C-alpha cells in the first residue's frame, strides 16, 4: 500500500465510520463515494447493501416501488442524500435557485428525498464541495426539510454531513450541526470560512481519522471491485479497475 | 373493451396518440424512445408528461421538440451524462408547466388510480416547499391516531401509459420483466400503448415462467413492433446504453442550433435501430 | 437485518413460529399445508390467522386442531368440496374470534402495511353489516370532493407471512411465480417463513426470467425444504389437488371423532409427500 | 339437437340475455351456470370473459388484487353474486343466519361481494333454489347492500335476479325487483308462493324465452368445452364432456 490515502478514500472511510450500526444500507443513483463507504461498512459489519442501478444480485434494487415501500416498512437503516444547497437546519435543496417555479437555476428535482429523509433512521448528507455556495444559511427551496414539527411522523432524518473538509453531526432536537472532525490538512478557520451556516463547535475538534492500511486495502480491493458495477467510470478513475 | 390494435411501426402508433394526451413514461429499462421520436416526427403538441417517477432523455427530447405543455415529475436528468438542459430551460422560461413531486408520490398517485380510489395517504413531504407548491395535494388526519397529519396524494390516471417491452404476443399480452411498475402504469392509465422488441405467436400467459411478469391484453390498447425501440437507452437482455450517443445528446441538450442538427440527423429521418 | 435462516424441515421451521403469532396465509397456489401440519404437531396455540384474502383447508385444519384464537378473513370454505365445518362451528361456539371482511379489504390492509402507511382508502363496504361489525375500520371524507365518504382500512402487519413456494435459493431468495400477492404479504409482514418444493444453488435473482417473480432475501427470515408441501392442495407445475383426500377431509371437518382419526393418520405422523 | 332444453340451459340462456351490452364479464368461483352464460354471451357479442380459477389463458384471472383493482378501474362490466339469503332490496347475505357473530348458521363469508357489488355496473344475482328460505323479506346479515344512500360512491349494483323459476329486474331508484319473465312450466302463483319478499309485477308477465336450436348448439358445443376447464364436474354432469 505505497500510495498515500486520497481525499476520496478519506471521505469513504469517514462515512463508513458513521455506518457501524446500520444493518441495511441503501445507496441512490450517482453516489459512488457513499456507495463505496457502504461497501466498506459491509466488509466490516456484514451489513446488507442495496445500490440503485447495480446489476449485481446481492446489491440489486431497482429504486422502484419496492425500495420506497421497504423504507416505509422500516427495512432500510441508512441512506445518503446530497443537495445543490444544504443549510444549517439540514434542509436540502435539489430543485433550484431563485423564485419557484421559474427559477434562475433549475436542477433536476427532489427525487425520493422528500420521502426517504423522513423514513430512513440514519440519513447521511454527502457533499464533496464544501463552500458557501453549497452550504448556505438558508436554502432557496426546501426539497426536503431537515427537521419536522412535533406531531409529524418522522422515524428518519439527518445524522451527519460529510464534505471534502470535515464531518459534522446533526442534533435533531437542537436542529443544528456540530463539527465532529476536520480532515487532515484542513483547519477550523477554513471550515468556518467556507460554511454559509452557523454550527456548533466543541472546544477541541478532532482530526478525521485516516483509514488504516487494512481499511485502505479493503477500499482498493473488494470495494473497488464491487463499486465498478454500478459506477464503472468512478472505479476506473479512482482505482483503475 | 376494444381488442388490442396492432400497428405497423412506432410512427403509426404515434399517430394514434392525440395531441394534448396525458402520457406516463417509465424512468428506465423500457423507455419508449422510438415512440417519442415518432411523436416528434408527427409534430405532437400539448402533451402532458408524467414521469414514473423520474425522467431522462425522453422527457428532455420531447420538451426540446416542443411537444410538451406540462410535466409532473420527481426529477429530470440525464444521470451520469449530465443535466437535462432543455428541461431546465423550459421550466425557467415557463415554456412548460412544472409539477414537482417526490418519487413515491408518483407511485402513490398511480396506485390510487390503479385501485380506483380518489387518493393514497403518503408519509413524508410535510414541511417541504414541494408540498406548498402542490396545492392539488391535501393534508388529512390519520383516523386511527391523534394529531397525525398525512399527505393525501390524488389519484393519477394518465390517458395513455407509453411503454417499450421485450415481448408482446398476437393476443395483445406483454411481458414487462422486472419492471413491475409498468403494470401499475398500465392499470392506472386508461389505455396502454406499447412498442416491443419482438412480437411472438405463442401466448405469453401460457408460459408459467413468463406469465408472472405478464401484462394481460385487458390493459393493452395498441402494440407496434420496434426492435431497438429503447435506443440509445438500454434494454436488458437486448442491448446496453449507447454511451457515445448519450454523451452527444447531453452536449446538444439546451442548445438550439445543435439540437436542430441532432433532430435532423437522429429523429426526423428514422434512424436504424441499434443492436 | 438477520440473514435468512435455513431449517431442516417444516417441523423445525414451525418450532420457530411462536404461540400467539399473527400469521398471514394465501388462499391458493402455495398454501403452506406441511407447515400447518407441523404447527399442529408442535401443538401451537393462540395463533391469529389472516387469510389472504380467503381461507380453505389450512384455516379449517388449524382451527379444528385448536391452534387458533382469531381469524380475519373474507370467507372460509373448502370450495367445491363443501363448507368448512370446523371453522363454522368454532365461530358459532365462540371458540375463535371472527373478524369478517371482504377480499379487497385484506389486500388494502396488507398494501397499507407494505407501504408503511396507517390506512388505505377503499370503495365499497358502506351500508354493510360487515362495516358495522368492523369497529376498527373508519369512515373518512375524500378531501378532493364534497360529501364523499370512503372506508379507511387500517394497515395489517402480520408477524409472519407463511408461504410455500416452488423455488428458493441458498441466498434466501424465493420465486413466487404468478402469486404476486405473496410479495405483498412478505412486504407487509415483519418476517416471512417459507417452505419450498426445491432449494437451488444458483441465485434466482440472476435469472432475468425468474427474477421478475422473485422475492428478495431482504424479506425472508426462514426457509425449509418441503417437497409436496402444499399437499393435498395443488402446486402449479408440480402437482394437482388430491381430490380424493379433499373429499375425505370435507367429510371429517366438524366431526370430532372422525377428525381425531384424520389427525392421527395424516397429521400427527408425518405423511409421505404427494407427488 | 334431439334432447330437450334442460332447466340449467334455460337459466344459462336467460342470464346471457342480460349480458348483451357487457364488453368484459367476470365470473367468480363456483359459478358454472353464470360462467356458461358469460361464455354464451361471448359467442354472440365477442365479449371478454374472465373466470376465476380457469387456467385457460384467455379466461384466466387469479381473483387476486388485479381483479379487484380492475373493477375499481371500471374495466369489468358484469359480475355475478349469489347469497344464502337475498332480500327484496337486493341485499345479499353470505355470512349466516341469526345474531352476529355467534350465528345459528354460519356460512363461508362475504368474499368480494361487499366491494364488487359497488363497483361493477351490472351485477346479476343468481340463485338456483327459489324458495322462501333463500328469497327472504329481509336478510339476517347484510354482507353487501343492494342499494346505497345518496352520496355513497357506487357506479355498480344489482341489475337482475335469475332463479330456477323466473327472471326479475331490479329498479335501483325504487329499490325493488320487478318480475320480468317466468320460466316455461312455472306460474306467477308459484313464484309468489316461493318468494319471501314483495316485488312488482306487470299486468302481463312474459314467459322466459327458450334458447333456440342455435343457442342450444352453442351451449352444448363451445360453451360445454370451455366451461370444463374451471368446472370439470359441472361439465361432466351437464354435457358429458
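A, B, C and D label the chains in the order they appear, each numbered from 1.
In this text, contacts are C-beta pairs under 8 Å (C-beta built on N, C-alpha and C of every residue); 3 or more make two chains touch, one makes a residue touch a chain.
A quick note: this is a predicted structure, and the numbers were derived from the prediction, not measured.
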- Item | Those chains which touch subunit D and also touch subunit B | C
- Query: So how far apart, in whole Å, are subunit A and subunit D when each is placed at the average of its C-alpha atoms?
  - Reply: 60
- Query: Once you find the CA centre of subunit A and the CA centre of subunit B, what distance in Å lies between them?
  - Reply: 29
- Give, as an integer number of Å, the spacing between the C-alpha centres of subunit C and subunit B. 36
- Per-residue multi-chain contacts in subunit A, two or more chains: 68, 72, 119
- Which subunit B residues touch at least two other chains? 111, 115-117, 122-123, 148, 150, 178, 180
- Task: Indicate which of the five shapes (line, ring, star, complete, other) describes how the chains touch one another.
- Result: other
- Chain-to-chain touches, reported pairwise for every pair that qualifies: A-B, A-C, B-C, B-D, C-D
- Note: in the complex, subunit B contacts subunit A through residues 27, 29, 53-54, 73-77, 79-80, 83-84, 87-89, 91-94, 98, 100-105, 107, 111, 122-131, 133, 147-150, 178-181, 184
- Contact footprint of subunit C on subunit A as seen in their complex: 23-24, 48, 50, 57-58, 60, 66, 68-75, 77, 119
- Task: Would you tell me which residues of subunit B are touching subunit C in their complex?
- Result: 108, 111, 115-123, 138, 140, 142-145, 148, 150, 152, 154, 176-178, 180, 208-213, 236-237
- Message: Which stretch or stretches of subunit B touch subunit D in the complex?
- Response: 1, 113-117, 171, 173, 187-188, 203, 205-206, 216, 218-219
- Spell out the part of subunit A that touches subunit B in their complex, as residue ranges. 29-30, 62-65, 68, 72, 94-96, 100-119, 141-145, 148-149, 151-153, 233
